[in-house]
Amino acid sequence: MVNFGFTINKSTRIDYDQASKDVSRYVIAHEPSALLCIGCGCCTATCSAGQFTPFNLRRIQLQVHRGELARLEQETEKCMLCGKCQMVCPRGVNTRHLVMTIHKAMTLYNRGELKDL
Amino acid sequence: MKIEGKKRIWSEYQKEIPDDKYFYVRSCIRQSFFPASEVYFLKIMREVLHRDIYENKHHTTCSGIGYHSDVVPFETAMTVVARQFALMTEAGYENYAASCITSFGLYSEIIETWKKFPDVLQKVRDNLYKATGRTFEPPKHLAHASDIIYKVRNEIAARARYRLVNRYTGAPLRVVEHIGCHYAKMFPSKGVGGAEYPYVLTGMVEAWGGEVVDYPERRHCCGFGFRQYFIQANRGYSAANTRKKFESMEPFRPDMIITNCPGCPYFLDRWQYVIAETEGKTYGDNGYGIPVFTYEEVAGLVLGYDPWDLGLQVHQVSVEPLLDKIGIPYDPTRKYAGKDQKDLSHPESPSVLKV
Amino acid sequence: MDTSSQRHVVVIGAGIAGMEASAQLQGLGYAVTLLEEQPQTGGNLLTWDRLFPFKRPASEVLGELRSRLGGIHVLTSRRILNIEKLNAQFILTVNDGTVLTADAVLVATGFKPFDAYRKEEYGYGIYDNVFTSVDIERMFREERRILTRSGEVPRRVGFIHCVGSRDEKAGNRYCSKVCCVTAVKQASELKEMYPDCEVFCFYMDLRMFDRHYEQMYLDAQTRYGVTFVRGRLSEAAETIDKRIAIKVEDTLVGKPMKMTVDMLVLMVGMEGRTTQLYNSPTLGLSVGKDRFLNAVDEYTDNNLSRTEGVFLAGTCTGPKHIPEVLADAGAAALRIHRYLCQKA
Amino acid sequence: MFRERFSYAPFVWPFVIGLIFFLCFFVAAIVRVFKELPQSDKIKFGKSLFTKQTLVSIKEIFMECLLHRRIFQRDPLLGFMHMSIAFGWFMIIVLGHIEVKLYCPNHLNLPYFPIFFRYFVKQTDSTLGGAIFFFLMDFFLLMVLIGIGIAIYKRINSRIVGMRRTTRLKIYDWLALYSLWSIFPLRLLAESFTSSISGGSFLTRGFGLLFDSFVSNSVHVVPTWWAYSTALGVFFIAMPFSRYMHILTEPFLILLRNAGIRTVRHGQGYALTETFACSRCGICLDPCQMVLPGRMDKKATVYFISNLRYNHMETAREMAEMCMQCGRCVAACPVGIDSCRLKLSVKTDNQMGQGDTYLQYLNPASDALPAEIQPVVRQMPEKPDVVYFAGCMSHLTPAIPRAMQTLFKAAGIRYRYLDENGSVCCGRPLMLAGQEEAARQLIAKNTELIVKSGAQTLVTSCPICYRVFTEEYKLPIRVVHHTVFIRDLIAAGKLSTEPVQERVTYHDPCDLGRGSGIYEAPREILKDMAVLQRAYEEKDQALCCGGSLGSNLMPYETRRKIAADAFNRLTFRNPDVLVTACPLCKKTFQDVADRPVLDIAQYVATHLRAQKADAAPVEETPYRAAV
């Protein structure tokens, strides 16, 4: 191997064909109201944790479905579970449990224990 | 793939390419990296097809590289270009032919600007006159050199000694055509076949017996990108783009790549070596790369010129397997022989990429 | 009925608007001639299988509209060659040599679907597995199955919203209104047909503007499991196995995304049907930059053209869905009635 | 006259085997429970023995385990049923032993002897002593039989004892139930058949004479004693696996509870005792709003405990995650099982992340939080009287903090609004989700902020916050919910309200009422202001609004159904306004309300009598306009 003074960049785009759908499947199976999201961002706007951190449930749950799983376990650990998001969600998504489910799924996924459903 | 659909689009993007009488300007990059290509363009046009192609040794860079690297302002670039046009006007030509794609893009951009803003043109005329005492007229027709070869592709085909056909199987060679970004992406109407499905190189390949491969990332940049290459730390980004193209074309198993841009053949060729050496990946058969050619090189091969005279020894990816496939004879001992058989010494062999 | 004293109205275009307006005018006591270029009445409705929001068969709606045409002089496969105005009467020359006189003319020429070829980068007509929403309806209607070009059941399908709508490059700045709902409908129908097929809708904004449509969207998400991605398709390309590689940005994630689908469905928008008629000096129609016809007043006189005796109805004045077209046609009939009463 | 006929008969064996089996099980269970108790709890228990507490416990055991006082309070007939079986049986056992002691003082008293006393001992009922014993034994037997009769009828029609539904039983329950039902009728038969030999009173003698008129009693003596013994034996063997284990577990539970011991972890120690103490009487079914209107019949606490007991952990976990933690079942439980705590202990199994990764940004070393919060702390007046914590949810009901600020100003109180720019959550929602470790981080951060304020009183508008502030925070200052705070201000004459001509119903928020025992303060405020109409279900019977953060799983449609149902029941008497004292209740009810739903702070602030000129209240938006 030759050292050229640089390495070839990895792609940062979502490659949906290659992305893992396991976490998404797990989350939908355990919290079906995840399907109801329309990405309006109410949850993120009202978020207590979002005041202090870049915690963004709207994006996190989409990342789950696109298989963009890097650091999602740590991301969900920013949530205080205060439940404000659940009160403001116009679609009735069970957001609090959604966070917990994503965290659970990510823990299992990172341990390689997420079984194919 | 429905060819009728493409034909319908090609029919909407036809441009007028004069048959003869061109003022020709060279490319900074090409005359350094692939000098034979420009030499053979002139040779083919003048000696084989008997056209009038005029060249003036006083022309300069168009300053496009500086412009696209954000170091030359547009006003400066326009004045530099105006000087080239002045040389053309002085020589009595009205058709301007550029060897470089970026030049072609810049000329197109400048001419369109002048059309829309005549006061800018006036200002450029004033500036040029003040600086050099020259006057000029914008060209009546602007063509890229590949447009001209496209125009005469059938004449070349009629004189061809070889065709882009696998001599063992009789099947047409699978050719990837790669168009320089500045050819038609900025002004789709200025390119033969438009920007989405450019026809300029496809036309040549079809005329010379090959078959064009349409792969998903065909629109993607070769990775040169000017700024991305010039700074060493950013080269990984440049190479990543090239890799994306190769990953996309790999399943189609192309025999060769034909290009019409100065940077593209260089980067598509050299980055194959870098990808092989950093990631261990090669894209051709048996550990070789996919050979990359300029259209002049391909035209030269088809017409039967000696591969080493066409400068194919300066390619990183070996061309010999392809020459064998077509049936073009070559003398391996002459590969690194310079003028008067002087030994130019052999390059070191890469550890991964087979040469 | 005494035809000699009856006023005569010519309706141009036997689509939904033309048929409905004709029926209403006849009900008001006018003699009506309904002209249609195509061999059948029905217009764009003929090309559709089922209609949102309840997936009612288009043929049923068409049957109902046709059943109201009794007593109306319906002339199909006719083109108008010339229109003259003599005093207050219009004299129309039709391509079969007939000459019609009319006290009022209703233009109900409708729309045509956007020609998806014009979005070159989507590869319609070039790649085997790129289809339009019209193609999908035809498959539903004629083949009862949606299959790829090579006859296989698709495993992943992408619906692209706003093809030829809200797109300066395609020359159409407006929203075609019905495509979003149609995409939701077709995506749901597809999931109903193939529950294991992954279905994606790529949208810019989801415009579920009317009653029941939000419910359709909700059902599509939950009952059918359609995935909605906010992002417009930038380019499509064919892979070696004739699938379609697409590039979009998932704007809500904030990342570009690459995906391979077995079928790509382009939701083509509505375009004004710029026929010869639009240039007729007698009709004096005012054509907008968007190729839809301008009414005298978009608020209060939506059915009035700038020429006395010439009226407008249906999608020739802009994208509309069926209930709007029916209401518009009824309103046009009443405006004609008022005009003819005032003249009498 | 008294004569011992036999001292042994083979039919005693079913009973003896059953009893030995049961006693072994019971002793092993107690040993296990003790071993599992944390060291501190063991000490607590040791210290509680032979103190005044023991007397209290004994009294409670008598009142609850025998007389079933709590069930009586709920429904007299149901109470009578339980009391007659438990107390009657207890008295039969006690009297039986007294009889043995009295008449056979020297007899080697084997456990079966008092049970089959009538068979073994011939006694005359013509003496006074004999007559009294015979009478008492027959009396309590009759008592038990009546209880059994009601119990059998209850299975057919539970509504007569005030229960809309009863529990579904398991196989061991059925076995124990049928054997229990048959024990006393069989005893009656056996004693009746034996009455001509060993004597009897009104019941046994009467039945004995009756039977004698058409069957030969002597033939049936031994078989019926066999049957009686078998029924007892079967009951004892089935008991450890059935719900009847509660009979002996409950007294033990009372002892532990009165020693201050609580659930730490499910399946162990106190929690295990609670699990076994549940009689699955089903009294918790009717109060549970998940059952009605939620239509999740199987999610009620009784089944949760049953799943725990039979170690169906996945189901139990799901039920714990579904429960709203409103505490209505706890309030209703005749055994006093704290099932809310049990459920939390189940939820705690799933800790999200490690203590050091979860909510890392709250770590003092991280400057993400202080940057946002510190300015608030710095702006505080030198020494505010009160630090006000509105709570996360109150930010969704801005009328509440606004009203509180009006009241602070009107009463001339120097306050600091701690979470004006958003807050660190109080931690209770995390606790309710079982995330204890993470909650501790929030508690630490908030404690730091509150203490830094220098105020002597913390006022909060949110009962959820209030509960955790009082239960888990170790704050060195007074913590008060705004209901109490306002009540005290009015009582001290610092605030005064105008009379309002409208009917008001007060809704007790779960965490404020059942959770913190604050029932009277809001009522005192309201009854002086307006016509306070009682809700049909109030105080510890109060309904949950359905918005609860206790449930992780409950879908939105169910919550809405529960909210609508609760609202309808609350407004049964058609009040003009519903007043509550929780932002979550207010917000949840507002979505289903047909009349104004106001927080008590808002209500007071709206009807404040103008007092001092210098404390001009912030103008309150008329709440009518909001509906």
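Letters A, B, C and D name the chains as they come in the text, with residue numbers starting at 1 for each one.
Basically, a contact is a pair of C-beta atoms (placed from the backbone, for glycine too) under 8 Å apart; a residue touches a chain by one contact, two chains touch by 3 or more.
The structure displayed is predicted, hence computed values, not measured ones.
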| item | value |
| --- | --- |
| Graph distance between chain A and chain B, where chains that touch are linked | 1 |
| Farthest chain relative to chain A (centres taken as mean CA coordinates) | B |
| Geometric centre: closest chain by C-alpha means | A |
| Rounded Å distance, chain B centre to chain C centre (Cα mean) | 46 |
| Distance between the centres, which are taken as Cα means, of chain D and chain B, whole angstrom | 84 |
| Where chain C and chain D are represented by their mean Cα positions, the distance between them in whole Å | 65 |
| Interchain centroid distance [CA atoms averaged], chain A/chain D, Å | 38 |
| Every chain pair in contact, whichever chains are involved | A-B, A-C, A-D, B-C |
| Residues of chain A touching chain B in the complex | 1-2, 4-11 |
| Touching residues on chain C, where the partner in the complex is chain B | 117, 120-121, 123-128, 235, 237-240, 242, 245 |
| Residues of chain D that touch chain A when the two form their complex | 321, 350, 352-353, 357-361, 368-369, 372, 392-393, 395-396, 421-425, 427, 429-430, 433, 435, 438, 442, 547, 549, 552-557, 584, 587-588 |
| Interface residues, chain B side, partner chain C - complex | 1-2, 4-6, 8-9, 194, 196-197, 214-219, 251-252 |
| Of all residues in chain B, those that touch chain A in their complex | 232-237, 239-240, 243-244, 274-275, 277-280, 351 |
